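Before anything else, here is the set of structures, which you'll find just below.
Next, two complexes with chain A in common: one pairs it with chain B, the other with chain C.
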Partner chain A sequence: MTPEILGAIAIAYVAFMFVLAHAADRASIAGRWRWMDSPVVYTLSLSVYCSAWTFYGAVGYASRSGLEFITIYLGPSIVFAGAWWGLRRLVRVARMHRITSVADLISSRYGKSPWIAVLVTLIAVTAATPYLALQMQSVTMALGAFAEPGQKLPGAIPLWVAIGLAAFAILFGTRNLAADERHHGVVIAIALEAVVKLAAFIAVGCYVVWGLADGPADVLARIDRFSTTEAAKGWIIQPERWAVLIVLAGSAVVVLPRMFQVLIVEAGDDDRLRHAGWAFPVYLLALSIFVLPITVIGRDLLPAQSDPDLHVLNLPLSQGKDGLATLVFLGGFSSAMSMVVVSAIAVSTMVANHWFVPFWLWLREIPITRRPHDAPRRDDLRSLMLNARRLGIIGVVGSGWLYHQMSGGASALAAMGIVAFSGMAQVVPSLLAGMLWRGATRRGALAGISAGAMIWFVMVFLPSLGLLGQPQLWAGIDPFAGSVAIALFVNVSLLIVISLFDFPPPAERLQSFSFVNGVAPDAAPADPAQSATAEALLALASRIWGTETALRQFRDAAEEQGKSGFLPDLTSRFVSQFERALAGTVGAATASALTSRVLGRGAVTVADLMDVAGETQRTKETNERLELASHELARTARKLQESNDKLTAISSQKDAFLGQISHELRTPMTSIHAFSEILKEPDLPGSERERFAGIIHDEAGRLTRLLDNLLDLSVLEGGQARRHAEVVNLHDLIERAVTLAEISAPGRPAQIERDPLAEHLPVITDPDRLLQVLINVLANARKYCDAPQPIIEISTRRHPDGRTEIDVTDNGSGIAADRQTLIFEKFARLNEASRIPGAGLGLAICQEMMGFLGGTIAYIPGQGGACFRLILPHLPPTAHHPQ
Partner chain B sequence: MRGRVPEHFLERGAYRRRRIEEAARMVPVVFALLTLLPMLWRPAQMSFSFGAVWLVSVWAITILISAILFRMLGRSQPDPPSADTSLATEPADDA
Partner chain C sequence: MKPGIDVLLIEDEPSIAEAIRFILSREGWRCAQWSEGSEAIQQILGLRPRLVILDVMLPGRDGLQVLAQLRATPEIASTPVLVLTAQGGPLAAEGASMVLAKPFANEDLRQAVRSLMPAGQPRA
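Let's look at the complex of A and B:
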């Protein structure tokens, strides 16, 4: 087995992971995700805790310090034994607030403070960089173990590892921007890698215990024999290190960016912790039980100068077991790969959400409330976020690689796992206090974390790089354990003392109430409902999530309130739900800033706070049934109110219409009457006679058209019309509609933007009716678009279920929200005083016709201008048989 | 002030469930003490084979007990909201 073949195997393995992740992503899009969303997959994905540092390094660690290595597994097992009441609470609160990262959690708890998020991200990046370098180092070292003595490996291996893993993270970690940060493809891949590394380690363990030694009893005897030698001094447990390491490992399993990602962000619900609570410790036990046997047997069988970090690999290699060694290599590679990919995704999310995006928004002052008409794309913020994350991944993995190149050696890297643990542990006091103590404040947390991190940086991080000497504390106390204890002590003291003297602002007290009591209070009471602002919120959401997702969210919210259409009332419940959903994408601090900017909402006042707190308390005590009933009542009332409003408006419009229609009918009648009177005159010149007859003819034509329209409508409504379904090319139909609309509404030149390629779709429908609808909508856009240079955009799209969508969007000022529900009614004319002639039947006819074709027509708000969406079914409804 | 009189006594099923919850809360504390105290008290004796066997046994027993407790908690949990009672009944401190 040569390093070249191994490299090829590794590449094939990565390629397989790409395929697997891709398939899982597709399955989740198609809704076949449920079987993969099981507690087993969740538990396996948690194994990303065991990086290459634990896979190879555990034996090296045990060889140097004996049983101490096991603290790295014991800490998490203790935390998971309490999963049911500790972690479950954390997962529940984090899901309630749509937390995206550990920095986001701390920031959200402490009043959505952007600065805490910036600080926590800084610690995470500092701690993660050398840790990532260590993973790349492990792959090179493992390949080196397979090389012949004296054979030089190419120096670019870490670079290719970094490029491959960054590509994986970018492809599957930044594919879309959802309201929850879950990555199904990545989770499935790391779950499978968890199986590979466990199988590899158990295989080599069994081989060592039963193949090389004579079973467990022999291994224990060898350990006892070893304990009498001089080298066993290093194995004696140092109590202060033991305690500190268990605490650190227990903290790390929650707050390390990659662990937070898989444990909390990717968790679909909190019930799975009931299973993971015992299954994950089983995984850790299985992975650690063979460490000590491999250590002692390696010590007995391998030459003294061989690197104990590679015993796992060298033991099977020295016995000529190439197949087993290859499996072990894949296990180690899996550990490195899952760690790098998940870390890159987690840290880059933090970097993008808490560094890049806020900075960019601050720098550019992007106009939030309304999309500028010349904006190049509708989802510009979304691509900004995704690109920020991609940049973050490249930055994070790249700095790991750079660090690896600069440090160059293994010795400085070996302790990096523990150093990273102790760095992230500085976040734990604020996290725990945030979940348990309502009195913990932002200033206290900020002071505690920064002081702790500073001490950690000087006393632990820099010495670990060899840039500073180990600090000499009291004699007999381990410098590492002592430094960590000092950092944590200062951290906790500052947090408590400053919090005790502090008085937090109302917005922060609201968050602390929510986190400690596990309830979701509604945000500050919003201004009285203004649908104009709801539309602005929708426009903002479209720019971040893309139009479809945003529309879906808004429609659901409106439905829940018992309203139709896409614009829900701005109740405080809706606003806080919206803000939390947004936080699931951009982080709490940015979401809060964006929402307040759109709503023009001021800070929360103490009075609001009392209101909210009182309300929450009362709600808790209210009988659930009563609450449900009143909810239902409110919904019905709102529905009634809505239809009442509509009826009143229609009734007045009907009166206006009757006046209008009489007027429209009377004008041609009057002129026909008058001119036919004149025609009766015997001595009229021939040319005059011709002219008057022409006028009568035109006016009669106008009358006919008007009556045709009315007739059309009644035929469609009466259900007596017949359909002539045939297959047509949508492109041809649109082409004709554009030409005809130009004739029917001349005089206003408009630029038509189309995508001819996407338009070539065969549809089965009644072409005449569809053509009429298209002409109507296009003519409307030409008539009513009030932009100085009208642009009409036509886009078409075919859904997987066979539906066809046609969007016609103009760049005018759109339709006011309070009129949007009325436009499809008969007799509706938006601006009574308009100079544009017409009886207001166009859209009513369109709606009837689309219904007749089995489709729908809807007004889509928040698109910058007026946007009408026609949806055609795959097949027109089967013709009903008229009697 | 609460509008409703808090329940002082529970029927058998809920009573049993409370006790299981308390046991589940105790497991990590006991586990932590069993892995910490012997090591702090007699580091020299616990550093080799006896320590390894001790840790692995304690660990395996803890896993077994927590698996049983979590399973019982899941089974006696017909409706999700009831899991909230422990949070909801905690008195609110400053408001």
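Let's look at the complex of A and C:
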């Protein structure tokens, strides 16, 4: 087995992970593979806790310090088995607020403070960089163990590892930007890797116990014998170290960026935590049970200068068990890979959401509401944010690689795991206090975290790099444990003392109430409902989530209110739901800033606060039940009202329709009448006579067209139209429609933007009627788009269920929200002031036509200008001829 | 005396406007035309016609609104107004001197104008 073959195996392994993650992503989009959401997968994904540092390092750790390594497994086990209900609270609150990272959680709790998010992100990046370097180091070292003596491995290996892992994180971590930030592909990959590393470690353990030693009894005897030798002088139990390490490991399993990602952000619901509460400790136990046997047998069999960090690998290698060694290599590689990928995703999300996007918004003053007459660009913020995350991943992994190159040696890196633990632990006091104590304030948290982090940086981080000497504390106290204790003590003291003397502003008290009591904060104050603003929110959402997701969210919200269409009322319930959904993508602080900017909303007032905080938990719960009932009632009432309105509208429409027909017929009739009488007069000059006859002719034509249209409508409405269907290329149809619309509505030139490749879709429909609809919609866009340089965008797409969508969007000022439901009515000419000819039957006919073709036409708000969406079914309705 | 305008026709349909202008000018009336509602009052104030012919369906501003404002503007409140309507059925046009339904016989138009035109002032 050479490093080259091993490298090839590793590449094949990564390639397999790519395929698996891709398949999982696809399956989750299509709603298949529901078992991905099972407690088993969830528990396995938590094993991202065990990085290469634990996989290889546990044996090294045990070799140096005896049983102390067990603290790294003990802390998480205590937290999971003993406090899973606490974790469940955390997951519930975090999901309620759509928390994206640990920085986001603490920022959100303390009044959506952007500065706390910036600070926590800084700690996370600082702690993660050497830790990531350690993972690359482990892969390189493991490859090196396979090399022949004297063989030199290419120096670029860590670089290739970094590039491969960053690519994986980018591909599967930044594929979508959703309100629900979950990455099924990544989770399924790390779950499988969890199995690989456990299998590898147990295989080595079994081989060592039964292959190299004579079973458990022999191993125990050897451990006993070894613990009395000179080599085991480090095997003393220091109580203060044990206590600190257990606390740190227990904290780390929640607040390390990668752990927070899998434990909370990727958690679908909190129920699975109950299973993980016992299953994860069992996993850790299985992984730790063979550590001491491997340590002792390694000491016995391997040469003294051999690195105990690599005993796991060197034991099978020294016995010529290449297959087993390869499995171990893959186990270690899996540990490194899942740690790097998940950390990169988690930390880059923090960097993008809490550093990059707020800074960018502040720097560029990106217009949140669209300026009139911009080209309809729909998801520019989305690509900005995705690119920020991609850059973040490259930055995070890149700095890990750079760090590895610069530090160069394994010795400096070995302690980095626990150093990272102790750094991230500085956010734990603020997190715990935030969940349990309403009195904890933003200033207290900021002071506590920054002081704790500073002390950690000087007393733990810098010494661990050898840049500063180990601090000398009281005699007999372990310097590391002492330093961490000091940092945490100062942290907690500042948090408590400052909080006690601080009086938080209302917005912050609203959040603290919500976090401590686990109640959804529904009191976000909204301006009096204006549909124009709902449209602005929809436009913002489209730019971040993309049109489809945003429309779906808004339609669901409107439906919940009992409204049809895409624009819900801006109730405080909806606004806070919207803001939280946005927070799931960009973090609480940015979401709050963006929403406030669109709504022109001021700060939370004390009165708003009284509404929520004044109530006790109990009345709140009763109220919620009552609210639910009255909500249901209001919904029904609303639906009744809507259908009642519709009935009244239809009846008055009928009158209006007759009046309109009368008007539309009488107008040309008047000219014909008058001119034909004039023509009867004898002394008319010939040229006049000819012109007047021409007018009569034109007006008669107008009458005929009107009658044709009416006939069309009645035939379609009466369902007597002939059905006819053939397969046509949508591209050809659009091509013809564009040309014909230009003829039917000449005037200002409009720039037509199309994507010809996407248009080549075969559709089964009645081409003449679809063409008529397309011409009508395009001609409308040409006529009514009021931008100085009209741009009309035509986009087409085919859904997996066979539906075909055609969007026609212009860059004008669109249609006012209160008119959007009217435009499909007969004779509803939108703008009476415009001097545009037409009877106002166009869209009514389009609607009937589309219905006839089995499809729909709808106005889509929030797209910049006016946007009409035609939806064609997979197959037209079957022909039937009512007798 | 300065040559004034006899009839101001406020009508947006070009061919109807042309027909009415033709009929009235052959009668010897001096006609001007305006084709939307929102600035109709300013036109009437500026031209001071002896008679206004007003269509009901106008772009910009409804003909009946124009009529109400005309009646409320002292300088022109007494101007006779002939209202044209294309809606079938009776039209409640408060303040109209006469209502003529479209389509109309040319002779009816001529007679209406003749009868509404304030007496004692010469034609062109």
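Everything that follows uses one rule, which is that the second predicted complex is superposed on the first by the 813 of 883 C-alpha atoms of A that agree within 3 Å, B and C clash if a C-alpha of one lies under 4 Å from a C-alpha of the other, contacts with A are read in each partner's own complex, and residues count from 1 in each chain.
Following the convention adopted for this analysis, a contact is a pair of C-beta atoms (placed from the backbone, for glycine too) under 8 Å apart; a residue touches a chain by one contact, two chains touch by 3 or more.
As the structure is a prediction and not an experimental result, all values here were calculated from the model.
Looking at the shared chain after the overlay, A:659 reaches chain C, while chain B stays out of its contact range.
After overlaying the two complexes on the shared chain, residue contacts for A:238 are found with chain B alone; chain C is out of touch. In the superposition on chain A, A:292 makes contact with chain B only, while chain C stays out of contact range. When the shared chain is aligned, chain C comes close enough to touch A:678, but chain B does not.
Touch criterion met: A:670 reaches chain C, while chain B stays clear of it. When the shared chain is aligned, chain C comes close enough to touch A:698, but chain B does not.
Looking at the complex, you find that chain A touches chain B at residues 66-67, 70, 74, 77-79, 81-86, 89, 220, 223-224, 226-227, 232, 235-239, 242-243, 246, 271, 274-275, 277-278, 281-282, 285, 289, 292, 438-439, 513, 517-518, 610, 613, 617, 620-621. For chain A in complex with chain C, the touching residues are 658-659, 662-663, 666-675, 677-678, 695, 698-699, 832-835. Chain C makes touch with chain A in their complex at residues 12-13, 15-16, 18-20, 22-23, 36, 38, 57, 59-60, 86-89, 102-106. Here chain B touches chain A in the complex through residues 2-4, 21, 24-25, 27-28, 31-32, 35-36, 39-40, 43-44, 46-49, 51-53, 55-56, 59-60, 62-63, 66-67, 69-71, 73-74, 84, 86-88, 90, 92-95, going by the rule given at the top.
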